[in-house]
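The structure is given below, and queries will be raised subsequently.
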């Protein structure tokens, strides 16, 4: 795009959505049945095709950036199932993020949006120093019996957002120690140095997943480092269209992983955002960083791990940002199949979003609830005892809805299963 | 003319606020189907969940003389599901359930918004499928298929949608909610079901469909044959038909389309061939084995470069994905396109393909081809870029030449996409005044006040007895057909 | 009739020529429709003559019944009025036949037998095979929606008629449909005409979809001693991967009539394909039959053109119902026929839910009251129909040829009829609901 263009229709030139990307859409509609919000609502403007149409209409000056448009984009989960389906290669995720950024910068907000809540979440989640203490307080709430009381009496019934958040809370761990800063590789010679991203949610809600990640990498022959200086990868901000914040957080994160061969991520949302650093910051540093990012399953699938039998019936849910965002589907399944005694059952609509979508389920509880209920029903159909998913948000959402439907399943990250089966000498 | 507040209130009373779209942004997304050349936003979109709601809407619109336009998944290619005369658009997307599967009677009752492929997926375990398989089947709705009498690659063997519809529940333009046909295969009276299929929403809105299910074939063999030129491939098609073999599907793709498919879908199509034929045989194992040999021989006789047989269901599925999603990869080929759907008698296929190449050369446009060679149903894709001056003009001229060439050879202006807005003004090329007049009067019998999808299917003609003129929203300038 | 008989005759002579207008009362009797003798019979030689005849009929408010070979005229109520019989037997040209396209355009007066002969030399066929239908005209077969065992694989006239040229009541020559196998240009007018008994227009030319004659064909009679065994076999056959092209159900009456072994109940099955497939499928069929206690006979292929006697009774009923109920209704029909002392032969179409009931009875009135009406009521209660394809005029008047029809649908059909034949020229009163 020519740098001389001051604007693109209703968009300004800063982080403008790509016109070529918008024009790639031929309006074929193949994305429609793959879109969770279209499946629920059946309305064109809450489908990828409709959303692209609105963005393009804004780019062509047919409409301005309006609160109604913002609403339809807010309802989008950002799951990118449409990208997987699209034969024309429309980069929907990036178009969405760019447009959200434009809307945000111009203060165009849908009346249904809970801006305060969003600000709160964005202000707390990506900041371990704020999230930690808050969760410690919440843990007290859980352990003291107060939670049981509140839930039993349905005290939060009238407060939808609070109730949703409360319901989502998994049992919070007593302690959330960080894994060791350095772990030696098992075996004579290390195959490389792996840096592990702790992740904001993962480190507090599922610290064992991080610990298991380190163990598995070491067992696979990597020297593992967990850089202490790391903070947030910026995914939540990126998905909300706050691209400058994303850049700031990326710039702070990247130096922490300067001297590792591979940056290993066990949270799908984070991995997806980090692999796109090169798009939003088109310089060498970001590009070379993004090229080194891998999901834990991508790394482990190329390694041999000594695994003991683990007799479980497991079904695998594709986290959106893993399957659609990173095109990683086969690797986690392959790893689970390698565990002797483990039966992997197909989950129908495995790659249909569970409704978590980062913090979406806190902002749009109705839609997220619809999708979560559907996902739990699908899980029930499989008869599996364990559900595996590669993202903390998914784990929370699926666990909550299975619980709500009285389904006695265990919801875990694939590395948890691998670690359980790991033969350690 | 905008709908009055009273009418809007009545619509809300029928549908509820969640069943009504009135925002400017929302209505904008409904202004076209897959053929974005034709744009016309409705004044309101309703999303009914029952036939009774549909009937109530139609009665209201008839009373108020407001146009009604039905819409399924909006994947049509003829400007059918757009409101060229404004009015109320009725989106069937929320009526998308399977009501009943009746295997002993080999039929299924479904709601119109049900996605075509989902029906076959649901019946698969019972050993059945829904035979009409338009390339859009992963998103197009059965109601939409019935409305346009959709075809698809396998209609060569199995017939088109009308051959698989046993009954329809419809709301006529007069506001009557009636059941046409049923589970029986014949009944006394006029074949109203047969007339309603393919009527493109101009006689009534389809609120329910009873479809015939077909037994899954015992065996399937998918053959991909590549040829140096389109000519070789076309001659092969003619030869196969001449030999008395009717495959289940016989599709042709040229090198332009193959390049785009491989870029977008990686389906395994061979690059470097001038054209390929995707041939599918299905039926009893002994029969397809016996048919495959002569087909391969015919291909070799016509200089086939490679003959590949799909070795697994996955490979077969990928080849078909490539073929069926070809429409989607057009975006990689060209920024804009005009798509034809003309038919020629099978015996004239090599001739029209030669003509097509000559027309492309004459006007300096690229024409890509991916189509149902087995029944002479062409889909020439005329590429252009609306940002380049003169490009659209050249494309339009090429398109017109092509259409006339097909008609000269005794063909038809549309094989399966339908008429809609796109081809209604060219019906007079195929029908005389008396014929069009007959159709206009048939329309009047169902839609006395001309509210059903006005301006579509039949050319606007003073003598045709249409009382309703499309509102003064002009078609885009430079409408090419 | 407004105009005098001599004036009418003169006008007809002018159109068709003396050799093709019948006015002598003796000559007119064979052209009676349900006992009503017309004032004249005209036999036009070309479409434009048909047009002029109908224009005349409209102008003079005449009632016209079109006729092909005359063998299917039994279908329909007695006409309310009858002035003129319009016989299409002279329109026999094959207008256009390109074997490679597997499409043929023929005039409506051509008989199925004559067309078959022309197509056979190119190893092609029109897959329309109503029993005893070789002498019937294309137009008549389509107007009556007659069909035969080949519908199992190929469908009926509804599926095989691609395009139609017809003459409206006011004489306008009109075209609908297309000349190619796939076309969706405008309304499917041919569908409207098929089965319409000529009440919307008189067919003069039909563009038909053809099929290749398969290289090899074998046919068998699978005989069963009980309806239960036949039912089980039929269900298994329909569920199997076998792809017969013809399947027919015959009861003992029909089997006797066509000269086959009189099993209590039998299925006739033909498999047509390449030799290897016929062989293989024949084997599977044999096993299937044996597994259900069936007796198997190899038949001569000519049996299929010899089914006419099975439906030759002076009363012929046609039932249509949900396909899975075929054997039930067959049993019902036999039981009712026994009760009223009628001779019965049944020819059924598995998979499509159609049953032709051929009857001979001394007391037509009793048959009507105690068999036809109760059977029709029961079938209609399940969404089906029972029509009289042939029978004495009295029977049709008492029982009404078509049965009841949904009033909402009849309203629409009336509107359609009103658009195209407001003067009630074409076969008034013969069609459903008195249309």
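The chains carry the letters A, B and C, assigned in the order they are written, with residues numbered from 1 in each.
Just so it is clear, contacts are C-beta pairs under 8 Å (C-beta built on N, C-alpha and C of every residue); 3 or more make two chains touch, one makes a residue touch a chain.
Bear in mind that the values here come from a model prediction, so they are computed numbers and not experimental data.
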Checklist entry - More C-beta pairs touching across which pair, B-C or A-B? => result B-C
Checklist entry - Can you name the chain that lies farthest from subunit B, using the mean of each chain's Cα atoms as its centre? => result A
Next on the checklist: I'd like the most central chain, judged by C-alpha centroids against the all-protein C-alpha centroid.
Outcome noted: B
Checklist entry - How many angstrom lie between the CA centroids of subunit A and subunit C, rounded to a whole number? => result 65
Item to check | Rounded Å distance, subunit B centre to subunit C centre (Cα mean) | outcome: 32
Checklist entry - Taking each chain's centre as its mean C-alpha position, how far apart are subunit A and subunit B in Å? => result 38
Checklist outcome for this item: Multi-chain touching residues of subunit A, meaning two or more other chains, are none
Checklist entry - Taking the complex as given, what residues does subunit A use to touch subunit B? => result 23-30, 32-33, 42-45, 49-50, 53-54, 57, 62-63, 66, 68-69, 72, 86-90
Checklist outcome for this item: subunit C contacts subunit B in the complex at 98, 100-103, 123, 145, 147, 155-156, 158-159, 168, 172-176, 178-189, 191-192, 194-196, 200, 211-213, 215, 235, 238-239, 241-243, 273-277, 279-281, 320-324, 351-354, 383-385, 387, 402-403, 405-406, 408-413, 415-416, 418-420, 431-433
Item to check | subunit C-facing residues of subunit B, complex | outcome: 104-106, 127, 148-149, 151, 155, 159-160, 162-163, 172, 176, 178-180, 182-192, 194-195, 197-199, 203, 215, 217-219, 238, 241-242, 244-246, 283-287, 289-291, 343-347, 372, 375-377, 410-419, 423, 427, 430-432, 434-436, 438-439, 441-446, 448, 457-458
Checklist outcome for this item: The residues of subunit B that touch subunit A in their complex are 21, 23-26, 28-30, 32-34, 36, 45, 47, 73-75, 91, 93-94, 96, 113, 115, 118, 136, 138-140, 264-265, 325-332, 335
